[in-house]
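Next come the structures, one after another.
Next, two complexes with chain A in common: one pairs it with chain B, the other with chain C.
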Partner chain A sequence: MTVGCVPKGRLTDFVCHICRGRQLIGVRQKEPGFVEFAELDSPDELVLDYVSTPLPPKAFIYPPIETLVRMRLGTAPQVETVLDETPRAIVGVHPCDLHALAQLDVILGDHYGDPHYFARRQSALLVGVDCLPDEHCFCGQVGTARAEGKCDVFLTDVGLAYLVECWSDEGREAVEGFGGLEEVTPAVLEAARARMERKLAGIEPRLSAPVEMLPMLLDGHQKASEWEDVAAKCVSCGACNLVCPTCNCFDVYDEVALSLTEAERKRRWDGCMLREFTLVAGGEVFREGKPDRLRHRMQRKYNYLYVRYGSPFCTGCGRCARSCPAGIHPVSAVNQVTASES
Partner chain B sequence: MSAKPKVAFFSFTGCEGCQLAVLELEPVLLDILGAVDIVSFREAMTEHSEDYEIAFVEGSISTPHDVEEVQHIRQRAGLVVAIGACACSGGLNALKNRRGMDDVLQTVYGSSGSWFETIPARPVSAVVPVDLELPGCPMDGNEFVWAVKSLLRGEMPKLPQIPVCVECRLKGNVCVLAHKGKHCQGPITIAGCGAICPSHGGHCVGCRGYLAHPERDAHMEILQEHGLTVDEVRAQYSLFNTYSEMAREAAS
Partner chain C sequence: MAVAPVEVTPGLYTPELATVLKVTPQTETETHFLLRLNQGRSLGHQPGQFVEVSVFGTGEAPISITSEPRPDDTFELCLRRAGKVTGALHRLREGDVIGIRGPFGRPFDLEQFRGNDVLFVAGGLGLIPLRSLIRTVLADRSSYGGVTILYGTKQPSELLYRDELAEWEARDDVDLRVTIDRRHPDWDGHVGVVTTLFPEIEIAAERTVAAIVGPPVMFRFTILECTKAGIPDHNIVLSLERHMKCGVGKCGHCQINGRYVCLDGPTFRFSEIKRLSEAM
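After this line comes the complex of A and B, so read on.
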C-alpha cells in the first residue's frame, strides 16, 4: 500500500520515526568504495544509494557466529536456550536480500522452526529500498528484482523524494504519525516505474535458458567432470557460500570456560565449497574435488532447492561473483555447463 | 593427567614472541595460572623444573644443541605442543636453508663464523613427534587458550582445515585478493588467527602454514593474473614456508 512520499531532506527524521524503540541496523560507509550493514550510531550515517555489501543483512537475523545454548556443567547440568528478541529495524534492504530472507524463512521453517533464527526474524522490522544494478547483479534473471511485499516498509527513489509503501501492519504502525509525508502524484508513480525499467535494463549477466528450465537442464549435468572447466580457478576459499544471502549451513561447536564449569554451544556459518565440510566420521570426504563441490553448490541453488521449495535459491545479488578471487560468476558457470553436452 | 598439570615453556630459534603472546593474555592469565602449574617459562620466571607433563615449544630447531635439547624435552613430556610459526613450520628462520650453512655463518658472524654450529632450520616435528601444533607468527593467544581448555578436558584439540578466508568473510571484510589486488595467501593458509592481517589493512602472508589440501595451482594462477611471475609467487610462499616449499620441490 502506497502511503506517501518522503522528501530526501527529511529522510533522517523519517528513519528516526519508523525505527523508534528499535536498534537501528543500516547501510553505512565501511571504507572508501565499500559499504556494509552495521548497527548505526546515528541515522545520519545511513546510505541508501548503494549497490551491494560484503555480507548480506542476513547477518543480523542469522549471525555468522551465535550462541545457541549456555550450559552449566557438573553432575546436574543446566541448559539454557539463548534467543535474541532484540527489536531491530534493518533499513536499506534490497529486493534480492528481501527475497533471500523469505527463502530462509521457508528452509529454516521446514520440518521444524529454527528458534534462534525466528526469534530475530520476528523481532525485526524490514525496511527495503530499491536499487540499480552493477555488472554482477542478475536479480531480473531469477525473479527477485521486485520486492513483492517481502518487507514491512519499502522505499523507492523517485528523484527528490522516496516513495513509501507499507506492506504489513507493523510497517503501517511504524510509519503512522509521521507528519512529513507528501502526496503521491502520477509523476511520482511514473518515476518509480521508470526506475524499475532502468534497473531491469541495466542487468548484464543473462542466463542462456529461462530460470524455470534450469532444474531440468542441470539434471543432465551431474558428473563432476562436467564442472572441471568452470571450477579450474576455484581456490575453495568458501567465499561464495559465506557471502550468500540464502546459504544457511552451519557448524556447531562448544566453547568451555577455563573453569570447566560453564560452556556455550555455538554455531558458525559453514560452506559446501570447503573440503572439510564434506569430511565425515571415519575420514571419508564425500565431495573430494572442487568440481564436485561447485557442481553441488550450483545444483542446490538452481535445481534441488528450486524443485523442493518452488523458487531458485539464488537471488541474483552477485555477492559470490564480487567476492570470488577467481572471478567465477554463477551465471557464466551455469551457462557454460548447460551449453555442453551431457 | 592430574587436576593441575605441570606445564613448561621452551624456546629455540625465534624471537620469543610466542611466549609474549601468552603473557599478553592478561584478561585470562590468572585463570590459566589457576588451571595449570607453570614450572618453567624463561620469558617470565627464573625458576626451572625438569618435572612437567606438557611442554610448549617455540622456535625452530637450527643447531645440533637444539636437536639434543628438544629430544630431551620429548623424553620428559607427556605432550609436546609446538607453538608459533618457527616451531610448526620452521618459520622465517628457514629462509636461510636455501643458502649454504657456511655462507650463512659468514654473513652473520663474519670471520668468527667458525665458532658456531648451525644446521638448516626445521620445525620441531622434523626432529621429534609433536602432539599438537598451534601455528602463527606469533601464535594466536585465543587459539592457545582454546587448546589449553581442550587439553584440560583431556581432549586433543583439532584445528579446522579451513582457509583464513572463512574467518575473513565471517568478519564482513572486503576481500583484499579479489578487490584490492593484494597478494593474499588466505585461500591456502590454515585459519585460526581470526584473519587478523586482512582485518587490519594487510594481507595474509601464510604464517600459519598451508592447508593439507591447498588449491595451490589455482591460487598461483590468480597471483600471476595479479602480475606476479612464478618466481615471485614462490618467493611469497617461501616467506614463512621455505621448509615445506623445499620439501615440496625435492619431492617433485
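After this line comes the complex of A and C, so read on.
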C-alpha cells in the first residue's frame, strides 16, 4: 500500500521516526567505494543509493557466529537457551536480499522452526529500497526483482523524493505519525514504474532457459564429470558460500570459558564448497572433488531446494560472482553445463 | 516482521540432560552406554533413529540408538572412539551427565518387515543401528518369517555384542552367520567379506526384506547380492551415515543430492536413492 512520498531532504527524519526504539542497522560507506550493512551511529550515515554490499543483511538475522546454548559445566551441568530478541530496524535492504530472507524463513522453518533465527527475524523491522543492477546482478532472471510483501516498509527513489509503501501492519504503525509525507501524484507512480523498467532492462546475465526449467534440465547433469570444466577454475575458497544471502549451512562447536566452569555452544556459517563439509567419522568424504562440490552448490540452488520448497534458492544478487577469485558466475556455469549433452 | 507465521521449536538446539547408568566396553575402540533422560521422559524412539549427544564443553555428535524401544525409559548407545566428542564420551563413567537431543530421523518401517522373512546384513559398526531393529524383531518373533543375520568385521577383535551373538546363535529361529574379512589366528569361523556369506543362505526373494548397514563399499556389494537374489529395490532398506550437525534439516551437512539424511533418512529404501549420485 502506497502511503506517500518523503522528500529526500527529510529522509533522515523519516528514518529516525520509523526506527524509533530500535537498534538501527543500515548501509553505510566504510571507505570510498565500499559499503556495508552495520549498526549506524546516526541515520545521517545511511546510504540508500548503492549497488551491493559484500555481505548480505542476513548477517543481522543469522549472524556468522552465534551462541545457541549457555552451559554450566561440572558434575551437575545446566543448560540455557540463548535468544536475541533485540528490536532492530534493518534499513536499505534490496529486493533480492528480502527474497533471500523469505527463502531462509522457509528452510529454517521447515519441520522444526529455528528459534534463534526467528527470534531475531520476528524482532526486526525491514525497510527495503529499490536499486539498479550492475553487470553481475540477475534478479530479473530468477523472479526476485520485486519484493512486494517481503518487508514492512519499502522505498523507491523517484527523483527528489522516495515513494513509501507499507506492506505490513508493523510497517504502517512505524510510519504512522510522521508529518512530512507528501501526496503520491501520477508523476511519482510513473517515475517508480520507469525505474523498475530501467532496472529490468539493465540486467545483463541471462539464463539460457527459464528458471522454471532448471530443475528438470539440471537433473540430467548429475555426473561430476559434467561439471569439470566449470570447476577447473574453482579454488575451493568458499567465498561464494560466505557471501550468499541464502546459504544457511552451519557448523556447531563448543567454546569453553577461561574459568573452565562455563561454556557456550555456538554455530558458525559453514560452506559446502569446502572439502571437509561432508567428512564423516570413518574418514569418508562424500564430495571429494571440486566438480562434486560445485555441482552440489548449483544443484542445491536451482534444483534440490527449488523442488523441495517451490522456489529457486538463488536471488540473483551476484555476490558470489563478485567475490569469486576465479570469476565463476552462476549463470554462465548453469548455461554451460545445461548446454552440454548429458 | 513481514514474516509468515512459523511454529518455532523452542530449545531446538538445547540438549536435555541424561545420566549414564552403565558403561560396557565392547572392544578396544567401541563402548556401550545405558542411559536415561533426567526429566523422566521416555526417549520415545523407533529403530533406525539417532540422537545428537553432547559432552558439555566438548561438543555434539550424531549417534545411532542401538536399543529397542522398551517400557523402562532407558536407552542404549554404542560408539567408536573416533573424534573429540566420541573420545570424551569414552571417558564417561556411571553417574556422569551428558546431553541428548532427539530422537531424530525416519525410523525403519516395521510394517514393511512384518510377515516377511528378514535378512539383516551388518558390516562393522553397522551392527549398532541394526541391533535396535534386530532386538525389536526378536521381541515379537512370531510376527516375522525367517530371520537371517549376516555380520562381518575386519578382525575378530572388532566383533561387537559377543554375548548377544552367542544368544542369537543358540536360537533355532535365527540364522546367524558371522565372518571375518581375512584369516586370523583367533578365528576358526567363516573368512571373507560379508557378501561371501550369500551363497550359503537361501533367500525367498518374493517375501524377503533386507536391512543393510555398513560402510559405503559394503553397501555397494551387498545391494548387488540382494538384487542378484531377486529382492526388489524397494525391499532393500539401508541406513546411511552422514555427519549431521543439527539433526533437523538446517545445517546442510547430511544432504545427499536433494535429500536430507536427518529428515528423509537415515533409513532409505534402495529404490529411493539408487539414482542419487552421492548416496554411496
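Following the convention adopted for this analysis, the second predicted complex is superposed on the first by the 342 of 342 C-alpha atoms of A that agree within 3 Å, B and C clash if a C-alpha of one lies under 4 Å from a C-alpha of the other, contacts with A are read in each partner's own complex, and residues count from 1 in each chain.
Here is the rule we use: a residue touches a chain if its C-beta (ideal position, glycine included) is under 8 Å from a C-beta of that chain, and two chains touch if they have at least 3 such contacts.
Bear in mind that the values here come from a model prediction, so they are computed numbers and not experimental data.
Engineer: In the overlaid three-chain picture, which partner chain does A:157 touch, first (chain B) or second (chain C), both, or neither?
Structural biologist: In the superposition, A:157 touches no partner, neither chain B nor chain C.
Engineer: Tell me the contact category for A:323 with respect to chain B and chain C: first, second, both or neither.
Structural biologist: A:323 contacts chain B only, not chain C.
Engineer: Tell me which partner A:286 touches in the superposition: chain B (first), chain C (second), both or neither.
Structural biologist: second
Engineer: For A:222, select first, second, both or neither according to whether it touches chain B, chain C, the two together, or no partner.
Structural biologist: second
Engineer: Report for A:232: first if it touches chain B alone, second if chain C alone, otherwise both or neither.
Structural biologist: Once the two structures are laid over each other on A, A:232 reaches chain B alone.
Engineer: By residue count, is chain A touched more by chain B or by chain C?
Structural biologist: Partner with more touched residues of chain A: C.
Engineer: Given the touch rule stated above, what does A:256 touch, chain B (first), chain C (second), both, or neither?
Structural biologist: Both partners, chain B and chain C.
Engineer: Touch check for A:34: first (chain B), second (chain C), both, or neither?
Structural biologist: first
Engineer: Which chain A residues come up in both lists, the one for chain B and the one for chain C?
Structural biologist: Chain A residues touching both partners: 256, 260, 279.
Engineer: For chain C, which residues count as touching chain A in their complex?
Structural biologist: Residues 1-4, 6-15, 17, 54, 56-61, 80, 82-83, 86, 96-97, 99, 215-216, 241-243, 245-246, 248-253, 255-258, 263, 277-278.
Engineer: Could you pull out which chain A residues touch chain C in their complex?
Structural biologist: It comes out as residues 68-69, 71, 73, 75-77, 79-81, 101-102, 105, 107-116, 118-119, 121-122, 124-126, 149-152, 167-168, 170-171, 222-224, 248-254, 256, 260, 263, 265, 267, 270, 272, 277-282, 284, 286-287, 292, 296, 299-300, 303-305, 307-308.
Engineer: Which of the residues in chain A come into contact with chain B in the complex?
Structural biologist: 30-31, 34, 36, 53-55, 59, 64-65, 232-239, 242-243, 255-260, 268-269, 271, 274-276, 279, 290, 322-327
Engineer: Quick one: which bits of chain B touch chain A in the complex? Just the residue numbers, please.
Structural biologist: 28, 31-32, 34-35, 145-146, 148-149, 152-153, 160-163, 165-166, 169-175, 177-179, 184, 186-188, 213, 215, 218-219, 221-222
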